[in-house]
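Shared between the two complexes below is chain A, which has chain B as its partner in the first and chain C in the second.
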Partner chain A sequence: MSERIVAIVRALVFIVIALALCGIIFSIAGYSATQMFEAIIEGAFLRNGALTQSLRWGLPLFITAVGVAISFRAGYFNIGAQGQFYMGAICAAFAAEWLNGLPPLIVIPICFLAGMTGGALWSLWPGILRLRSGADEVITTLMGNFLASLVLIYVTSGPLKDPSGSGQQASSRPLDAAYRISTSYGLSPTIITIALLVFVSMWLLVNRSAFGVLSGLAGRNPTMVTWQGARLMNIGLASFVVSGALAGLAGTIELMGPNGRLASGFLPTHGFTAILIALVANMSITGTAIVAFFFGGLSSAALYLPIIAGLPSSAIEIINAAIALFITAKSGFVDRVLRLGRRGTWTTR
Partner chain B sequence: MDDTIIAILRSGTPLIYVTLAGVIAQRAGIWHLGLEGLMIIGACATILVITATGSVAIALSVAILLCVLTSILFWFVVEKLKANQIIAGLGLTGLGLGGTTFAVEAIFGSQAAVSAPFGLPRLGPWFGSFGSLSILVLLMPLFVFGMWLLLRRTRFGLRLAATGEHPFAARSVGVRTDLIRLSALMIGGVLCAIGGAELAAGSLQIFSTNMTAGRGFMAFTAVIFGAGHPIGATFAALFFAIVGALGIRAQLLFGDRVPHDLLLGLPYIATVFGIWLSAKLRGGTRAISNFGELRDS
Partner chain C sequence: MKDDAHTVLECHDVGVTYGDVVALSDVSVSFIRGRIHAVVGQNGAGKTTFARVIAGLVKPASGRVEIEGRAVPTGNVNEARRAGVELVHQSFALPPSFTVAEAMQFGATDGGVYSRKQLETRWQKHLDALDIKVSAGQRIRDLPVETQQSVEIARALVTEARLLILDEPTAVLSPEGAQKLFERVRHLKDIGVTVILILHKIREVLSVADTVTVLRGGRLVEGPIESDGIDAAKLAELIIGPATRALDEDDRAALTGAAIPVHHTQATATDAQSPVLKMNAVSTRSDPEGPPLNAIDLTIHQGEIVGVAGVEGNGQRTLVRAISALADVSSGDIQIDGKDVTTAPMKMRRLSGLRVIPFERNVEGLSLSSALWQNWSIRSLLQKSLVSAIQPTQLRRDCATALDSWDVHYDNVAQHAGSLSGGNAQKVILSREMDEGARLILAAQPTRGLDIGATAFVWDSLRRAKSRGCGILFISSDLDEIMDVCDRIVVMLSGHVAGTFEPPYDLTEIGAAMTGVGQ
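Right, the complex of A and B next:
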């Protein structure tokens, strides 16, 4: 127990270091670092409605991050969450386009199914390449991200193009209001219910199922799992598929909820942020929920940075990247290796 | 035909410089996913400083300095703080992409591209139709050969290989593996700066945000594809450049039938193919993701 607290404290320390580094960079660039922190805290938590906005950004991030955590636990660096997220949104948009006119009770579930399938398939091929041929999943999933954003550009400027749209950014036709699961405000009972369902089912999957135990073991010692008679291949493919399906689900939520349409290059840092969340939370499902709320706050604060501190909103990207640079320092994965000899309880939660 | 070769050299040269940086880092036992970030820092610094001072020499020095400093930061995080190489490398890439976007936004407002009045020196009319290429294209084979010499024919290269392959053994004979890794990453920083400069100022003289478009990761794949050998990796990088050039060709030929955006994806598909092929040929036993963790401390 105390070890887990140590890990959390360590993660917090490195987040502070990363933020301090950003503060220094921004001060050199001539902005006020204190104003930046003010903007973040105010935009994330203090302003009127800031908490609900943090939740709005945090819930889809949480869903993607749970998927990332599941695949990282199994020992696969599936960093293609961004591409799977896009593919989910694209498939859901196609489903909505083809079924346009049918009652929402039929269309919405099918869209969700399509989105999750799209994400899962986009995660499956790197999984197969990894497990059958040993092609490293870091590169294949990364390339999958680039390919998916090209497909998104193609889809929004080709098959699903909104003819009435402005030339600025290619986007699809807006969804019919009946098919939306939330307003542009971005938070609705449906989305909260989905997130809760994901939380409960994934918590059970990780902590109370054979898959959870075996995939956690496979991440630490694949050879042993094979000797125990488990099929590494099936565990691996399942973790790829689950993580892809969750990213696709998040993409569907963003499409059918707050965004309401497919725009080329929307939310380009979603996947990367989700990876950070999973790492900060040390791959625990409960931890992911808490950390996602924090990073959701950072995302919603991005809107306030230009207003309060005069910073370009890309400053949030730098903050996230700096956190990524430091977050594994002497924590998470390295600790996993260091602690292997003694005990390996930390991934079970 | 000349056009195609020029296109290959133009897109291949930046890639090869960055690949060499990846080779030396890989030899030192570091899987360098921050190449993309270093490359874009080099590209951005070159164009911004040329615009500000009008001097290519100053621009190149600033780019190199920035990339080396960033490499030292990466080394500190990976070597001293024992961070995971993959995640820290991705963080470095994010820092480069976000930082350059931030710099351009902070200086020029919402503008996404900056163009410089002139770029790197060109080869000149003496080279005929190749004259529009920058001198860095001509220097590239020298760098490849120099890297091969450094890795295979010097004491430093031997220590570097020992550091990468068996750090414990290297330390036991008194090699300072941390300093070897530092120098490898610093040399890599210089090469990434040159690659970035060539990308931005070699032919176009434009910096646009996210202009590296995954080239750093392609270079990383070229390193794996080429088994960490400088010449092998160079040819792997050249292969990616050829696929890219063919993609441009294909756009001209089939542009009306195949969507243009999907042809842009050819280099990425080639990269996936490359990593699959090298796993097939050599067996993907030592996957990079495990390597970073199992490395002894």
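Right, the complex of A and C next:
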């Protein structure tokens, strides 16, 4: 219980420190920090439609981040969410292309299935390499991200190329409106329902299933779990597959919802923001939902930064990076500030 | 005794705390030059901390340390070494891939460029002077444990050490090896080195030390006392303290190493009773964690505790791993409770009643950063499918009931296992592994690092399981406890059984089998 409060306080402290640091940096660079914060708050929450936009960005991020959290909990640093997200979108786009003309009630579910399978498979091979031969999943999933980006470029400028495209950015033919699950505005009951389903099912998986407890133990001490007779292979592969399938699901949503087409290099930081969300939320499913909404807010606010504060909208990336910096450096400093560092909690291996 | 000219080490009100734990409090003691001083106490008494304070590895929160009348800044290894203090650790710190000469040079304070040959001639002289029979060109990893320890000692004496501290040096040695070590220590005394031996067996103390100092619960109980003026019974009293409880005479002796141990209970095993473990000529492929097993035959009957003695690293780990399906069996077969499990995964073996108390309780036994209830319920969860539903509330309640019945001291079942003391952590493992369904219990070093109360508790638990009809494999590097607790003893040497012994046990015979000289 108190542990949960500690985790929340810690996450808040990190975010506040990171924002303050960005405020200082932007002030030094000649911008107004107050205007920056104003833009963020306005753009994320206060403006007309700001909350809807925060949700529009937050929900797909949440879905990918839950997958990341499940993998991290099991002790696998699967940082390939971005590649799995792309692969999901690509597979869904192929399914939509091939089934074009069939009724939406058939096409849409198959697209989702294809997208989730694509993401899952793109996560499965690093999983197998890791569990069979010990290949570091950080390296393989990172390479998987680059490969997926290249496949995306190939697909959008080859097999699925939109012949009428302007040539500015390679992209696929737009999906038939009947197959879209939201308008370009990006939020629809379908998407909200999917996100809710993900939340409920994954919460149950983590908190009310044998997998949840065992993968948590395996993530903290795989040696102990092995001595108990567990097959790390099963727990590990399940974690990789679930995490990839969720990233693929998010990719499918972005394709069939707000984007409506595949574009080369679309949402290039989606998977990395999701990792950040999972880390800030300390791998809790509920926490991930809350944090994803916050980061969705930041994405939504990116539009207002140029208008209100005169900052480029990519300044949001700097804020994200600052949060990442503090989250990944969490051992030590803030713990000591919070006086939590009484005893080491992570096993030293 | 108070004469400063003869005092080599003086501690004043030394206090050390680790977090909330008081490891030492107000220890004031002084040692006379040129003698062998023993510091004794049970696990957790503060012996090692005391040694580390003197060697400058731990900075005490209070107090001061004087060496030969000069105050030495605390918490600084280099200052302590300069003052002539050297510590030989409990676990060896020599780099395995170094040659003996290189390891020696590593400990020396002078720099310079040497050829391999020069180094070897230089240090061979040093080794010969100390009468250590080893070639300076050999690699550390190729040396037997006893020799490694001698090299450690030689390295500690590279500089002009005036005070040598050996932390539990006999823990890794066979009884015979311990005798040789003591001869070496006496030799050191003759050449003018003061030696502090951290020990926990009374008879070792009485056989080698000139004085003895007793610590208990981080406090100085008494000392230094001349060892001529004290007998084993009195010393045992001082070590255990008033909380002696209803400790049986034999157990007491085994706990403190006061006398050569005898077997505690009547053997209940008869061949008529069915075996719970039967290993026929089991060999394993090479295992990452120890030498492979070589045609092991081992039978454990119902209601029998079989001890495995041996110098550490002679295949005890592989034995446990082979029975638990963690090591690859290459030939032979294993039966648990009459069922052949040679190729069965651990899950199936556990279903047949296999339970394991692993060697390293903090690594293999518990996940320290996970909640108690998760650590406790893993055994039952692993018998289910991964996607099966669980009720955490129920699991927490069951866990609390189990922990309460095992007398574990904890606040709530959601706290991390790492927040428990060693004895309590071991009780959590016992409560998990010694349930109703247990038939064959592998108890690997179940009392290592535990204080006397917790050790006696573990022994009691094993004896209770035995009387319920469990078969128990008891692995320990402490011969006293094996001889006290076990109905039969097998000695392991380089992956095979070097001898089987029945009570009444003969310490010399078992010791000989451990080193292979009896063959």
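Heads up, the rule we're going with is that the second predicted complex is superposed on the first by the 327 of 349 C-alpha atoms of A that agree within 3 Å, B and C clash if a C-alpha of one lies under 4 Å from a C-alpha of the other, contacts with A are read in each partner's own complex, and residues count from 1 in each chain.
Assume a residue touches a chain if its C-beta (ideal position, glycine included) is under 8 Å from a C-beta of that chain, and two chains touch if they have at least 3 such contacts.
None of the values given here were measured: they were computed from a predicted structure.
J.: Overlay done on chain A, so just call it for chain B and chain C: clash or fit.
T.: Aligned through their shared chain, the two binders fit side by side on chain A.
J.: Under the superposition described above, what is the C-alpha centre angle at chain A formed with chain B and chain C, rounded in steps of 10 degrees?
T.: Vertex chain A, arms to chain B and chain C: 70 degrees.
J.: With both complexes overlaid on chain A, does A:Ser133 touch chain B (first), chain C (second), both or neither?
T.: first
J.: Using the superposition described at the top, determine whether chain B or chain C touches more residues of chain A.
T.: B
J.: If you stack the two complexes on chain A, which partner ends up touching A:Ser171: first (chain B), second (chain C), both, or neither?
T.: Neither chain B nor chain C is touched by A:Ser171.
J.: Which of the two partners, first being chain B and second being chain C, lies in contact with A:Ser157: first, second, both, or neither?
T.: first
J.: Mind working out whether A:Leu147 is in touch with chain B, chain C, both or neither, as first, second, both or neither?
T.: It touches chain B, and chain C stays clear.
J.: Which partner chains sit in contact with A:Ala321 here, chain B, chain C, both or neither? Use first/second/both/neither.
T.: First partner only, chain B.
J.: Is A:Ile235 touching anything from chain B or chain C once the two structures are fitted on A? First, second, both or neither.
T.: Second partner only, chain C.
J.: Given the touch rule stated above, what does A:Leu214 touch, chain B (first), chain C (second), both, or neither?
T.: Touch partner of A:Leu214: chain C, not chain B.
J.: Please give the least Cα distance, whole angstrom, that chain B and chain C reach in the superposed model.
T.: Superposed model gives a least chain B-chain C C-alpha distance of 5 Å.
J.: Where on chain A do chain B and chain C both make contact?
T.: Touching chain B in the first complex and chain C in the second, no residue of chain A appears in both lists.
J.: Within the complex, which stretch of chain B touches chain A?
T.: 33, 73-74, 77, 81-84, 86-88, 90-95, 97-99, 101-103, 105-106, 213-214, 217, 220-221, 224, 259, 261-262, 264-265, 268-269, 271-272, 275-276, 279-280, 283-285, 287-290, 292-294, 297
J.: For a test of understanding, state which residues of chain A touch chain C in their complex under the given definition.
T.: By the definition above, chain A touches chain C via 1, 3, 204-205, 207-214, 216-217, 220-221, 223-231, 234-235, 238, 342-347, 349.
J.: Inside the complex, what are the residues of chain C that reach chain A?
T.: Its residues touching chain A are 19-20, 324-326, 345-347, 349-350, 356, 358, 362-370, 374-375, 377-379, 381-382, 384-392, 414, 416, 418-419.
J.: Along chain A, where are the residues that touch chain B in the complex?
T.: Going through chain A, the ones touching chain B are 25, 29-31, 75-77, 79, 129-130, 133-140, 142-144, 146-147, 150-151, 153-154, 157-158, 272, 275, 279, 312, 314-315, 317-318, 320-330, 332-334, 336-338.
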